[in-house]
Amino acid sequence: MPQHETKLREDEAAVEAGLDALDTPTGTTRGAARRDLLRQVLAPIVALVAIVGLWQFLWSRAIWPEFQLPAPLAVWDQIQTLIDSGQVWEFLWVSVHRAVIGFLIALAVATPLGLLLAKVRLFRAAFGPLISGLQSLPSVAWVPAAVLWFGLTDATIYAVVLLGAVPSIANGLVAGIDQIPPILPRVGKVLGAGRIDNARFILLPAALPGYLAGMKQGWAFSWRSLMAAELIAQSPQLGFGLGQYLHNGMSLSDMSMVMAGIALIFFVGVGIELLLFRPLEKSVLKSRGLAGTH
Amino acid sequence: MPQHETKLREDEAAVEAGLDALDTPTGTTRGAARRDLLRQVLAPIVALVAIVGLWQFLWSRAIWPEFQLPAPLAVWDQIQTLIDSGQVWEFLWVSVHRAVIGFLIALAVATPLGLLLAKVRLFRAAFGPLISGLQSLPSVAWVPAAVLWFGLTDATIYAVVLLGAVPSIANGLVAGIDQIPPILPRVGKVLGAGRIDNARFILLPAALPGYLAGMKQGWAFSWRSLMAAELIAQSPQLGFGLGQYLHNGMSLSDMSMVMAGIALIFFVGVGIELLLFRPLEKSVLKSRGLAGTH
Amino acid sequence: MTATLEAPVPTAIDAAVRLTGVRKSFGHGTRAVTALDGIDLTVAPGEFVCLLGASGCGKTTVLNLIAKLDKPSAGSIELTTTRPAVMFQEAALMPWLTAARNIELPLRLAGVKRAERQAKTLELLELVRLGGVGDKRPHELSGGMRQRVALARALASAISGNGGKASSLLLMDEPFSALDAITRDVLQGELLRVWKATGTAVVFVTHDVREAVRLGQRVVLLSSKPGRVVQEWDVDGLSQTAESARIDEINARLREVISSHAAA
Amino acid sequence: MTATLEAPVPTAIDAAVRLTGVRKSFGHGTRAVTALDGIDLTVAPGEFVCLLGASGCGKTTVLNLIAKLDKPSAGSIELTTTRPAVMFQEAALMPWLTAARNIELPLRLAGVKRAERQAKTLELLELVRLGGVGDKRPHELSGGMRQRVALARALASAISGNGGKASSLLLMDEPFSALDAITRDVLQGELLRVWKATGTAVVFVTHDVREAVRLGQRVVLLSSKPGRVVQEWDVDGLSQTAESARIDEINARLREVISSHAAA
Amino acid sequence: TRVESAQEPTTGPDKGPATELRLGFFPNVTHASALIGLEEGLFAKELGATRLVPTKFNDGSTEMSAFLGGSLDAGFIGSGPAINGFGKSDGKAVRLVAGGTSGGAQFVVSADITTAEDLAGKTVVTPGLGSTQDVALKKWLVEKGLTDKVEVTNRENPQTFDAFKKGEVQAAWLPEPWASRLVLDAGGKVLLDEKDLWTDGKFPTTVLLVRTQFLRDHPQTVKALLRGLLAANDFAKADGAGAKAAINKQLEALTGKGLAPPVIDRAFTTIALDPDPLAGTFPQLAKDAVTAGVAAKETELSGFVDLTALNEVLKAAGKPAADAAGLDKK
């Protein structure tokens, strides 16, 4: 029996070791770092290629008609056309710069709001539920109202983006602050930090991992809200962004155009994640010894 | 100088004490608990009343024409009509039960997904960015594709809801797990927890605060996506929900109906927050000594 | 900063800290726990008081009350000193700051200039025998090293808190518990040196009777459930033999108090 | 549970733990720190070994390596025992579980039945003198109480880990550092009782030479930067006087090692 | 490297009446036949045992997606999306089986615009890219040589209405009832009635499409639907007031509010309910889409129209047959 158990345990250990090896290739420090980078870049590409491969396969089996599942190549052709004509840069510029500005404004508004919500009990009791309620309002609901109030201007778009992103970021910050080990603000207090210093030197850095998670969700809200706003409000004043492109594809019932639009929106999302949030997150977690190697 | 400083400090202390008193009414235990409850219920109501009051004031100044800013009473009348005709219960039932089912499915899918993302490095490197990219795709973008693929059925609606909620919840769980003090999984390991036990007894409960925050965001995504999906079409198969009601208001360009729709959606959001997430959050935080009284 | 060192203004009370009839309960209703009941304790300016007591008797609670981190359920606490510097029982370092930055934090909060701050930090790192690990994060340090960083931070806070002036207060909760005997000896010496140099009052919690007697001028013994002051000993300037007799005496009394509690 | 106590099967190696030429470095490149270098250490089945060394010398790292929580950078570690039970230097309690549930956790993970689990938990709570606070959460406990809960949990893990059979291993990192002298005495006694009853091997880290000599059969002294085994003493079955001579000897050697390091 | 599609609509045997008919429509005056037929139960009566599942859509492209996805069997839809959808499915997914409404689209402008030239530098709104009105406007602009001088944007009709009222928008080419609402409620005036651009003043606004597979499998059900359509048109002809009341009742049930009587009265004068799909105009419409720049190449329309069922029903009712204008053959 013990013999048997040991055997089992060894097997298990071998399996786990295998998994671990998959996880953490051993090697020299430099090699490991390079391999790490390679993995960061290569793995999503491989995953993407696999997904496109599956798509191509499904398409080639002709299980669904072309208008339901366009060929990957057809979608690529659409994107290629956009790239060739240079339009894609315009779309990306219009949408991304708006999303970034909207996100930054949201961040600037949501941070003090989140601090207030987290630290002033009465404020939280009064406005916490309202903010969460606001967050659950779909952007599409705001667009007509915003168009009515602000006209077809950038103000409309930013209003819609902010209404989505601000509550999300604020709630993320609140969650982050709620999770701070209570000893840290106490330390701050005995070290002589007032309310402002406490927020700046203790609460915000301590809540950073949760705050970052909230920011990621907030970015998703910004970007989605922006797309919704661009889909619904169309006008030359507003420029021509990805949402408008997608909307045209939908209006023309052109699946390959719709998929091209989705692909572009998706790539922006992935790009922001890979270029901004992922490195930020990694460095924040690593500097706190939370790199999660296990 | 020291005298002066002391004075200042005392003043500050007085101010802080005042703030604290506002925050934490002292008193007997029972009284405090009752007052706490009162505050939980009363404060948001007072805030809401204040907002409606401001609205009424703005309306009474007639700065904007009625079709831009309807009277609060006109909106209330709309809701009243819905209540009188009993329709409101139908809308609420259709939308809320769908959102809840969608959310629960999303939870069931996102939890194992989040665990995998958080704990298997290769999986995370490969699919993490894709999931975040998915999250940033607006629901409206999926609607035509979902209609093409799933037809005008509940499947379409749930597909749209899941595409929004799953990445959000999964990312929340990942963030929660990332923030677990590394000593806890180590303790789990030495206490003999395998991969499954570790997830069940250590990771999930330890990540609960972050997970809950992710769930809140996920709920917002579900509810928002649902509203977008309900705009697609109206048929007996799809029922008649809040999204459709809102859309009718929009297509009639009837601001009071739009505002009534927004108000109903908002109240559901607030209700879920107050009845579900807030108590959950409170008890989770409190049991860990994170109640954040400071 | 250039102000001359003034002698502490003698107050009517002439105590750095005075606790009168302090009671502290945690929780509500049936789950309520009375940690302290009727604590009377006075610490004179510049005095070094050691608190002894069984595990869980309320020593940490007393320090928290003095530091105004908790409010007493009854009784009053008067402080005539500047904001006390506290060293917690846990290291409680900011995980996102390096060791050096953790030590620097109180100086930064007090608005000390950058260059001065860094010089001071280096000095304190050397003092706790951690020169060279200033750029490490808390999670890269051993338990004892973390405790020493916390000690350095508390000392930095004590220095910055009174701006070099007298009548300050230092609260320390088992500051040397995770250190080897030799390092502990060194740091005890350093602590005494700092204490003498700055004239700060110290309330020092420890489980080591020998340490209490060696460092303190007065030893206060708390009973548990609820915490009360049972007995006090003056242990200032004892001879070698008197000291070891006093240690035995305190140990005996401690044993008596703790066993009676265990029996209760 | 009903299995009779068997004598440990003598293996070819006849060691519970054997570390051979173990090196451990943290970090990469210029920031790399070599915590341990060339550690050779053998613990016989059922042996009680105490580890001594300066703060930061690598004692915790040794335990982590034995517990397979870290991988050595070089060298090999052989374990012939069941999964070791570990008591960490920090209490590391699960903040969402009550004290009782924390203690119950290893039993639960080992699949022990509910009733038996609860009985065992109550027994362990009494053993660490915490009867009555089983339903408290970690944040409601004092530092010493948390440490005792962690001790009870480690004992529960030790019991559940070997299913009552022999040849198990218990790793303890300064388990009594936050306890008053009396509680510590009691718990030292309990630990010895458990050790004798179960025949488990123990590796015990402490800063208290007296404790090391009182409890251990063998005392191992580590140097620091990098950690190496400097000297070992057999301290089993010493007479009162021999014991205190041994303590003085070890203390002197310790002082020597640590000062040489400080000088380096 | 795609395998031969198995999705060719099968030409199996007639499967008899369907158990269910999913019928799409908009809550709009231009879908009058559908609304009247539903309100008066005229479809249900003809369909008998076949269950009618009315499905309300908000825009043509979604309705087209539902067709393409196979979750709609028949539907009233604008001619623009109809052509578009037919083309997008390579002529497979749908067939045009009857007309619904003709007329009912006007170019409404604010008071200060009197001639086409006044539009220079202005923005004109249409309901959606590639919508029937969008194509009509853009083609008209080409003919007037105004394409580069006028900005065309797409907005949802209600938004256009609000913007027009606020004075943000001065011109819009809209279907009913929005054209009437702009005239009656927002002070617009008609610059051009689309009728005037077509011979006989007739052009298809709404047509009835049926999913090809459904048409093959259940011709009887389609005929029943068409009989319902004729009945609805006859009802409207016989009782104008009753028809308007029926439309308003449906609108109220579907969207919560009906139209003001003056609006519906005016709208009704501009439309004609006609089961003839005016197939002859479709090649022109397909060409217009290219002229207007919303389609890259002209949609190949052969096989689009299938009037077999309609003509059988018309014949049975003693009415003249409709002409497929040659579009019924591949």
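We just call them A, B, C, D and E in the order they show up, numbering each chain from 1.
Everything that follows uses one rule, which is that a residue touches a chain if its C-beta (ideal position, glycine included) is under 8 Å from a C-beta of that chain, and two chains touch if they have at least 3 such contacts.
Model, not experiment: these values are computed from the prediction.
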Touch-network distance, chain B to chain D, counted in steps: 1
Leading chain pair when contacts are tallied as C-beta pairs: A-B
Per Cα centroids, the chain farthest from chain D: E
Centroid-based (C-alpha) most distant chain relative to chain C: E
Distance from chain C to chain A - Cα centre to Cα centre, in angstrom: 46
Between chain B and chain C, centroid-to-centroid distance (C-alpha), Å: 45
Averaged-CA centre spacing for the pair chain D and chain C, given as whole angstrom: 29
Between chain D and chain E, centroid-to-centroid distance (C-alpha), Å: 82
Per-residue multi-chain contacts in chain D, two or more chains: 90, 139-140
Sequence positions of chain E contacting 2 or more other chains: 61, 65, 68-69, 156, 158-159, 162, 166
For chain A, residues that touch 2 or more chains besides their own: 64, 67-68, 144, 148, 182, 186, 189, 250, 253, 255, 289
Of chain B, residues touching chain D in the complex: 183-184, 186-187, 189-193, 197, 201-202, 205-206, 208, 284, 287-289
Chain B-facing residues of chain E, complex: 22, 24, 27, 53-58, 61-63, 65-66, 68-72, 156-159, 161-162, 165-166, 254-257
Complex contact set, residues of chain C against chain D: 26-27, 33, 52-56, 60, 89-90, 129, 140-145, 148, 173-174, 177-184, 207-209, 251, 254-255, 258-259, 262
Chain A - residues contacting chain B, complex: 12, 16, 19, 22-24, 39-40, 43-44, 46-48, 51, 64, 67-68, 118-122, 125-130, 132-142, 144-145, 148-149, 164, 167-168, 171-172, 175-182, 185-186, 189, 194-195, 209-210, 212-214, 216-217, 219-220, 223-225, 227-228, 231, 243, 246, 250, 253, 255, 258-259, 261-262, 265-270, 272-274, 277-278, 281, 285, 289-290, 292, 294
Interfacial residue positions of chain E with respect to chain A in the complex: 1-7, 59, 61, 64-65, 68-69, 81, 84-85, 88-90, 92-93, 123, 128-131, 151, 153-156, 158-159, 162-163, 166, 168, 294-295
